[in-house]
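A, B and C are the chain letters, set down in written order, and residue numbers restart from 1 in every chain.
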């Protein structure tokens, strides 16, 4: 491959250096927002880009973990990292349950199943006492990290969030570039062949699903502490649609695509916060144009440009599943 | 877009140095109107509230010459607490906004309430209903201006029971706000000698109320209380008309209804509906004059009590800030606002209590029949006036930590 | 016997009838989705928005052209169906060579655009639309509005007519054949792309028809589609994603189940459909009437 692992690592180091100085110029809360969604998108991308499964219900992991961590920190007085870990654990458990049901199906059916499961979670959150319903869990305190570090200062907390993001990102990176990741790739390219080679395909898919759910949960749980709020918005199917959009725009199946996509979409929402419905319209337009013309997403297109004459550039879409077999 | 242009002009003006007679933070008094600009509550607040805030600034500067720059900006919280808190954080931290006004949707208002206290700024609530804002969640930085769930429940519940509606059936939206509304109204009904024959919780949001209305009909209660808001209320009313509920002798009591809802339903469907509001455009000459100007600038729509409340709140804020000659310390400004009696052309004379509750008369309205209405927006007839002293929850019952026992 | 359940029989029958009426909407909407998915393998996420546009179109016809409900019933499906054909020609057809998930994403984006534009123009308060057949009759156990009776009768007719057309007529057999082997059917001289386009238009027309039916009883507002779309997906999945009969029966059936839930445990009436979906998927992944892959 013309673009090797070292290149990816270099880009990542550059990104981290940039991120270390960013809060001096840009509002730290905005940056933390971007980081949380970037992690969410990376987790989602793990599933679609490397396993070929489009989950339309990822908000259930993101949002429910936010509720768990928020409640643990606010009502039980837990330390933030512990609360975030709790959120992540619950999301992983949900991933196991949801995955067990959803993995039986593929492609569109899989998407529909995840959508409906996340709707169940939404309605549960709507009614459950602990979530506070429409109000959500508000005024989640930023208790001292590890008992000592005061994170009420946005500037200080930013670096903590950056650390969490890097941990999550590197986990995904390690997974992709491991033997496990290779098997996932094989499953995505040609599942029957992988089965015939003796791999327990369903188990691999389930593990990937749980990992993706856990990391999405990590993102959500962190976000709850950042904004000191966990609300229903985070478990709606529209939120699931947003993370799909971010990954699509950035580049499905690329390593950095989701980060770029998250940064763009969050910035757009921020900039257009006065014009609610235009945000919807513009997101819709971005969806449509990206699907029709820029399926590889921004990072994907850039990679294709660099690899201009390589085999990757000719394929302008992800082979998620065999389309109608050509006769 | 005219509003975007205005935004740019205002922002440009903000950078002009000025010889301030007072020390305002950043040299500007910046007012942020945050509400729903595109969703269910856009009509009752939205751009209308922004207009009302600007009008208040204009009127104030006409009455007492303004030496200082006063800016009004706005944002859309889309009825989501996370969007709202995001915007307000940025407003307070980065954009140096001094006061946030309006904010319908209680979940957003509660979030903003926390942030305003954290950053020691001012929050004037006109749109939201949660009575907790002057109860458990009260802060020295927030004033709840126009109405709240307790006032609505009390006004509607009490007045209806006293005028013969003594058996009730509740149709409640199954979420915190709906429950609170039902709880408050039930307490009032029972206190005044009425009976609650049954209640049913409908999912929130709901499209179809037919089965719940069927149960309400079967209960034979004289009054069907709608403990919900927005589209749920209008849908329920629409479908009640379909099932001939009013014709069958039962009356609907809307616990949170705005004139924009009545406009959306049409008089034919909404006639006979009874509810409480704090302000009506056609009540007196002052209101009518304001409404006329409002209508000219807002596509012919009439102002709601929320938008009138924004006018009144901004007016009083400006008076307080000018007397204090400073807007930097939010709690101090609010304290000043509480110490001054209020007086504006829309709400007349009133006052603000220690728990942040603004006091004024509330009114019980009934929607006119189509033949009784003389024209567009002529929708209400007044059934009762609830004097200010009785209209709001007694200060000692709210559990507000600011109130000394 | 009914007293044992704690509900008087009148209330029960009333709720069942109401459930059937709601089921009519589910059936009509899921029918359109099933037709589109069955032939084109495209999940039409825009279906909810097209339902909403149907209701708005009816409102516009009434407000600006004075065309009453009965005219709207005929005109609206044609107008919105035509817009569907336009969408198919311009956008969806470009994705046929790709994974079907891209179709899902595209239609999702289109749904956002339509909802956003309508919200910009009309706000979210909802617009009034007069009931064309007011009044009703007292059946003893409940008061049945004429309009709702009409809705059930009409939807049933449309559903059965569609089913008949697809399963029993020659045109229908071409459609079903084209689902299996489009290239072979094309070789027989049948214009398959045009059939696909018309099928999409037909499915969209069904959604718009449901919108017209909804206008007098539900609030005509831009979010009415997005509230409903996920439920309809669940119905289609339970029924079996390409099965016409499945979606009709499941639609009506789920309406009844929802109605019963509203009597016994109203708080769960939103969730019950998804619970059933999860159970069906675990026991019979292809849906109740679907063919196993």
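Details
Convention: contacts are C-beta pairs under 8 Å (C-beta built on N, C-alpha and C of every residue); 3 or more make two chains touch, one makes a residue touch a chain.
Because the structure is a prediction, the values reported are computed rather than measured.
Taken as a contact graph, the chains are fully connected, with every chain touching every other chain. Looking at contacts between chains, the pair that accounts for the most C-beta pairs is A-C. One finds 38 Å separating the Cα centroids of subunit B and subunit C. Annotation: 32 Å between the Cα-based centres of subunit A and subunit C. Distance between chain centres (mean CA atoms), subunit A to subunit B: 38 Å. Within subunit A, contacts with two or more other chains are made by residues 123, 126-127, 276-277.
Residue positions 38-39, 174, 203 of subunit B each touch two or more of the other chains. Shown for subunit C are the residues that touch two or more other chains, namely 119-120, 267, 270.
Of all residues in subunit B, those touching subunit C in their complex are 38-40, 42-43, 46, 174, 200-203, 205-208, 210-212, 214-215, 217-218, 231, 234-235, 238-239, 241-244, 248, 260-261, 264-266, 268-269.
The touching residues of subunit C, counted against subunit A in their complex, run 41, 43, 91, 94-102, 104-106, 108-117, 119-120, 182-183, 226, 230, 233-234, 236-237, 241, 267, 270-271, 274-275, 277-278, 281-282, 285.
Residues 3, 7, 36-39, 74-76, 78, 80-83, 85-87, 89-90, 93-94, 106-107, 110-111, 114, 174-177, 203-204 of subunit B are the ones that touch subunit A when the two sit in their complex.
Listing the residues of subunit C that touch subunit B in their complex gives 10-11, 14-15, 18-19, 21-22, 119-120, 123-128, 130-131, 134-136, 142-143, 145, 147-148, 216-219, 221, 223-224, 227-228, 259, 262-263, 266-267, 269-270.
Of all residues in subunit A, only 54, 56, 101, 104-105, 107-109, 111-113, 115-117, 119-120, 123-124, 126-127, 237-238, 241, 244, 248, 276-288, 291-292, 295, 317-321, 323-324, 327 touch subunit C in the complex they form.
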